[in-house]
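Read through the structures below before going on.
Two complexes come next, and they have one chain in common, chain A, joined by chain B in the first and chain C in the second.
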Partner chain A sequence: MSDAVSQGVKRQQRQVEWVGLYAASVAVALVASALLIQTTGGSSLAVFDALIEGSLTGTGRWGLTLGAAAPMLLVALGTIISARAGLVNIGQEGQLAIGAAFAVYISFRIDGPGPFNLVVLMVFGAIGGALWAGAAGALRFWRGVPEVLSTLLLVTVATQLTAYALGREWLLLAPDSVGARNNVSEQLAEDNRLPNLSVLGNQIPFAAFLAVVLALGLAFALARTTWGFRLRMLGKSPKAAQRAGISQTRFGMRAMLLSGAFAGLAGAVMFAGGGFQFSNFKFVPGFSGNIGWTGLLVALVAREKAIPAILVAFVFASLRTGSSFVGSTGVEARVTDVVEGLLVLALLIPPAVMFLRDRRRARLATTERT
Partner chain B sequence: MDLVSGLFEAITASSTYVNAALFAGLLIFAASGEWIAERSGTINISVEAMLLAGAFTSAAGYTATDSFPVGIICGVLGGMVVAGVQAEMSHRLTADQFVVGLTLNILILGLAGFLARVVDLTTKTAPRWTIPGLSRIPLFGDALFGHPWPFFLLFLVVPLAWWLVFRTRWGLEVRASGEDPQAGDVSGIDVNKRRRQAIYFAGFTAGLGGAFLIFVQVGRFDEGVVSGRGFIAIAAVIFGGWTLRGTIAGCFVFALALALRLQLPNYYEGVPTELLQAFPFLVTIFGMALFAHRVRAPAALARPFVRGLK
Partner chain C sequence: MNADHSELTGVGADAASTPAVELRGVTKRFGAVTACDSVDLVLQRGKIHGILGENGAGKSTLMKILIGLVLPDEGSIHVDGQAHQIHDPLAASKLGIGMVHQHFSLVDALTVWENVALGEAGRLDPQAVQHRIGEIGEHYGLTIDPMARVGDLTAGLRQRVEIIKCLRRDPSIVIFDEPTSVLTPEESMTLFASFRDVVAAEGRAVVLVSHKLDEVIAATDEVTIMRQGKVVDEMITADADAPTLARAMVGRDVSLRGERAAFGLVNAAAADPADVGTSDDSTPGDPSSPAVLSIREASARSPQGITLLDGLSLDVHAGEILGIAGVEGNGQRPLGDLLSSLVTLSSGEVRVSGEIVSTKTPGAMASAGIGVIPEDRHDSGVVLDMTVAENLVLIDPARAANRGVLDRTRLVESAEQLIAEFDIQCAGPDAPMWSLSGGNQQRVVLARELSYEPKVLVGAQPTRGLDVGAIEYMTSRLRDAASDGVAVLLISSELEEVLDLADRVAVMFRGRIVGEMARDAVDVEQLSLLMGGAAV
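For the complex of A and B:
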């Protein structure tokens, strides 16, 4: 057998292994979820039916799923940027909340034409998120605090900060909600909302297009520009990057800011885009609704690649939109969180197994040669 | 009453110290295992999940048997199951340790939240022990020597952690794995095995911490029972410069912040509740900002070890 042919066979064998491993892992996660539902007295088939109906086949549901996927994808894109630079930013939930709060604050204080207002609002959202991530970046690069921890701790601070702002009329609170049981902001004026596109009875939010375009743009920038190359070099080998004249502080800080900006933009889009269960164009307590955490998981499952993240975001958004139909089967809707967690854990296994297997093969090949 | 005298009243109240001791107990249980895991080279962010799993399983164990020791053992098992996933996935399969930890945090939060609605848990705090004489010391006596009895396990766990790390061959190998895994590997240490074992120990102490939450501090399970204290325990290890002494000092500082948050409103009401809620986390961040760059981390901290790859 010639070398080229045997390599072709090997590649094919590898592809089969990849697909097999992924299929097996997902199957295990789903079976484990089903067992959990069955042992707690529910019907797993009914739950999975409800998930499918709630996310895809129900009237107008896949449009909603796209609406939920858009901010998740935006968060994931930010995560990809910081991860490529070798930074572990895992505080997107807080950055998203701060970004949303910034967008809300500015949206009731500007009075231009609709599109202009929208742009200002989204820019402010991005600035808010960038500031919050930038705080963690500054702590990392000037005070030596690991960003893993500071970003996490800042999530709690962000939650409290937005709750504080929501309780103050001079910040976010709507005047007619003073003294009400729940603090909410005013509702965003209709002219300032992100438009939807109607297709086959589904409302496809503009945010979904924006997120996909940004994903494609980011994939290109990472693969084909000097900026992307430098970012990857910084992440893969800080030493080599330093020798090549790439300042870790400057480049890392920029990556951190940009990563936070994406999370903040996601917050702004959730506010201005309405979409799925995002509180009807108002800022409410607990506004971020775990979209930041889920977006982070999307990036991790997509193995920090922008284009696969589009698909993964859609899958995770389906779990989110599907969960609102799960309640009707008599099973706690929280079960979707468990399914999500198990899926993510399962999806971490195939790359790790393949990595070990490749190394073992490489080692065997070298011992055969000697 | 103004803020300064309110603060003064809160700081001189012995109930503040009782609360601080409870928070410190939780943090020390979590941090002493976390400290060993970090000395072996893992930043184990799933400590949050370990605490929550331990709290849930200990509550479940007590509900089933009405026995505190069984509850505590169940808590330890719960913590170690999470540790098992973290250890095997990050140091056998070489998945990224932060990714695994984060996923576990989210998974366990969902799982505990789901199960707590399905199962009815009835728990209470364990009987209180007071050490005669010592517990009458003013200000600190009650805080250190008068608590439900699982509190006193603390006085066993901390020396155990110290002894394991500094007085056994195993501890030496753990430290070598965290400082220079390549050198450790060529001298015959199974680096990833030591790291896995260190994580199992973290699961053991965090499981105890979870049981502590149920049987000493809170008395009943709730999915928000941990709410970020695991992360504060990690911060305490960093704050303490990866020494056991410093880690425990960090636990006390952050625990005092947590206790002040509860006590201050009794004396002074002018501080917004949101600021109070965020206060311990702000103290933690500032504490790290002041001290993190002065200390030296284990050289291979958070770097996976694969033979032949540097």
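For the complex of A and C:
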């Protein structure tokens, strides 16, 4: 009984520590940003106002923020799956691009009713992402190539490959666009776009609902199913897992495929639209737009937990939608980039601090006891 | 003071020299635990001094104080009559105190001379180091090839490297912490013999920390016995015998065979016919019945091409304990790994109740009914970052689940039951595994493996690092399992443990079984020859 109480107290203490750490590190980032803006001749208050207006308070802005958050969250969920299995998949940017390209390719070649087309293009997106991550997985499990390297390097390959496809009409290039300045795909027909729900003057994209439902589902699956149990076990102790009949190759490969599928789905969702217009329903060069990288950061800040990732994705999306308003304050873009960077850093520091501390504690506890 | 003590100080007076080391009233507390309680210790030059005690008696803490790894709360340390504060190992080394640690701190990928030179300050002179290794080797009978890769050496040779590392600095006080845990009895005797010469000839003070009575009796001149942080007795070894030492060490008469074996009384355990009767209470396996576990001509290599198992064959019958004796590093670990589905055979087969079990399929051994208490529980026995309840269903979480969804209530209830049944000390089913002590983690492993009602139970070094109470618990559980009809395979580098528990003893050398005998027919001398690789 007293143990349960002391555990409760400990948990509360930890929560206080978390809040304190975040408050402190965000405060430091804000002060540093303010100093930077002031010394370069801008008004820090105006910048912060613009950030908040652009992400939340402006007309229709929080709907946009949700739209930007959805693909980030999807990418983060994929990252969480691979991380739980002990795999470091950091190539979401490329998996997302390939997934989007798959979705784009199929979307102009099917002619069913809108909802059917949407499902097909999202499934294709997921397959594309899964294949790209699967390539890294296959290298890892059958050739021993570290997935950290292969996933990262495949991002570059994905960029080249999608650029190639965008130059070919039989792949992604819009018909009759030879000689156009930029290679872009056709625009997705209105019937085939993801719907929005209007609430309080904001367009809440369907993708946001989808992402949140998937996040809740994943959280449940990880915590309460034998699949999640085995996945965690594989990540924490591959040998114990092997003894328990969990094949590292088979289970790890599946985790990798699923991880990529989430990134690919994110790409499909970005293409089929939502509140935040990533590229106006077209596939363009540089389509991924750093969403893959940001999603990776979301998973990192959320400490590989699906439910916190929902909130974290929203915060990162706010920085993105908010910063588009900062330009109007007359502050140099380079300075606002630094401000954005400082705020991201502020979110990354507390988990890092807690991680280091927990690890030291755990090590102390184990060495004391052996 | 008792007679033994006065005699001891008498020896010091005869030598007519200041003691090499004198500890007075040394006390060290860790929270509520007093690891050392006003300990007095006198080490004389030219003598081997044994420090005897159970696990947790404070031996290691005392030695750590002496080499500056732990600072005492109270008390004084005199080296050669001068008071000193030893703040760190560097200071200890300046005072001429060197220690050969129980666990090797060698880099496998480096050569012998590189390992010896490791941690030296200043310019590196390979020739000089190699020359010095040759010198030391010749002088002390510790010959070794300075160019050999440490990873290729046997445990005995690795220890030689550790000793050379220590002697290279020419320490006047040398501490050996449980040095024989990786050696055959033969090798131990050679080690002690060479050190007696060295000590006598060069006037060094040598400390032998041990929990094995035989060893202390055979190798030391004086002995200090510690119990619960206190020095309970000091004697001249020549005046002491095993029962006296054992009584002093535990604070009561030692009667249980298991306990005696834990202290290293091989011969006592082997010689007493009254005790053999205890194992007759269980029903030893009937050799004519088909074996439950049967391994035939099993061979395996590591991915690096090193031979792990080399045509190993063995049978374990229901209700018997087969003990695998042998010096560590002769394939015991791969054998345990094989039965944990962690090693794939290149040839040969494993059968359980006559059915072939694939060595390629993960988990096949566990689902065939082989329970394992692994040698390194952190490696494949438990997952430290998961909870106690989760660790108790690790092998088959589906047991606590309905169609893939875990049933929390069932998980917690079955965990609580096992925690009570196996007396696991923890904050509850949801306590993280890393918060448990080593002994309790081992109980979690034991509880889980037995709860799956295995046909075969493999205990790989099952009592390593446990204290006497926990050892007794573990050994009695293994005996119970055997008398319940489980085929028990005990893999242990503690010969005493094997002799204490096993109905049959098999000796492992270089990845194969080189000899086998019934417990009653065991000849310890022959056994240790087999362990050393001699053809018999």
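Here, the second predicted complex is superposed on the first by the 309 of 370 C-alpha atoms of A that agree within 3 Å, B and C clash if a C-alpha of one lies under 4 Å from a C-alpha of the other, contacts with A are read in each partner's own complex, and residues count from 1 in each chain.
Keep in mind that, in the parts below, a residue touches a chain if its C-beta (ideal position, glycine included) is under 8 Å from a C-beta of that chain, and two chains touch if they have at least 3 such contacts.
From a predicted model like this one, the values you see are computed outputs, not experimental measurements.
Student: With both structures placed on chain A, which of the two partners, chain B or chain C, ends up touching more residues of chain A?
Tutor: Comparing touch counts on chain A for chain B and chain C gives B.
Student: Looking at the overlay, does A:197 come into contact with chain B only (first), chain C only (second), both, or neither?
Tutor: A:197: touches no partner chain.
Student: Quick one: classify A:344 as touching chain B (first), chain C (second), both or neither.
Tutor: A:344 contacts chain B only, not chain C.
Student: A:40 in the overlay: touching chain B, chain C, both, or neither? Say first, second, both or neither.
Tutor: first
Student: Return first, second, both or neither, reflecting whether A:119 touches chain B, chain C, both chains, or no partner chain.
Tutor: Neither partner.
Student: Pick one for A:160: touches chain B only (first), chain C only (second), both, or neither.
Tutor: first
Student: Examine A:293 and indicate which partner it touches, taking first as chain B and second as chain C; both and neither are also allowed.
Tutor: The first partner, chain B, only.
Student: Mind sorting out which residues of chain A both chain B and chain C touch, each in its own complex?
Tutor: none
Student: Using the touch rule from the top, collect the residues of chain A that touch chain B in their complex.
Tutor: Interface residues on chain A, with respect to chain B: 36, 40-41, 88, 90, 139, 143-146, 148-150, 152-154, 156-157, 160-161, 163-164, 167, 293, 296-297, 300, 332, 334-335, 337-338, 340-342, 344-345, 348-349, 351-353, 355-356, 359.
Student: Across the complex, what residues on chain C touch chain A?
Tutor: It comes out as residues 340-342, 361-367, 372, 379-386, 390, 394-398, 401, 404-406, 408, 427-428, 430-431, 434-438, 465.
Student: Within the complex, which stretch of chain A touches chain C?
Tutor: Going by the criterion above, the answer is residues 3-4, 7, 224-227, 229-230, 232-233, 236-237, 239-248, 362, 365-366, 369-370.
Student: What part of chain B is in contact with chain A in the complex they form?
Tutor: Interface residues on chain B, with respect to chain A: 43, 45, 85, 89, 93-96, 98-100, 102-104, 106-111, 113-115, 117-118, 228, 231-232, 234-235, 238, 272, 274-275, 277-278, 281-282, 284-285, 288-290, 292-293, 302, 306, 308.
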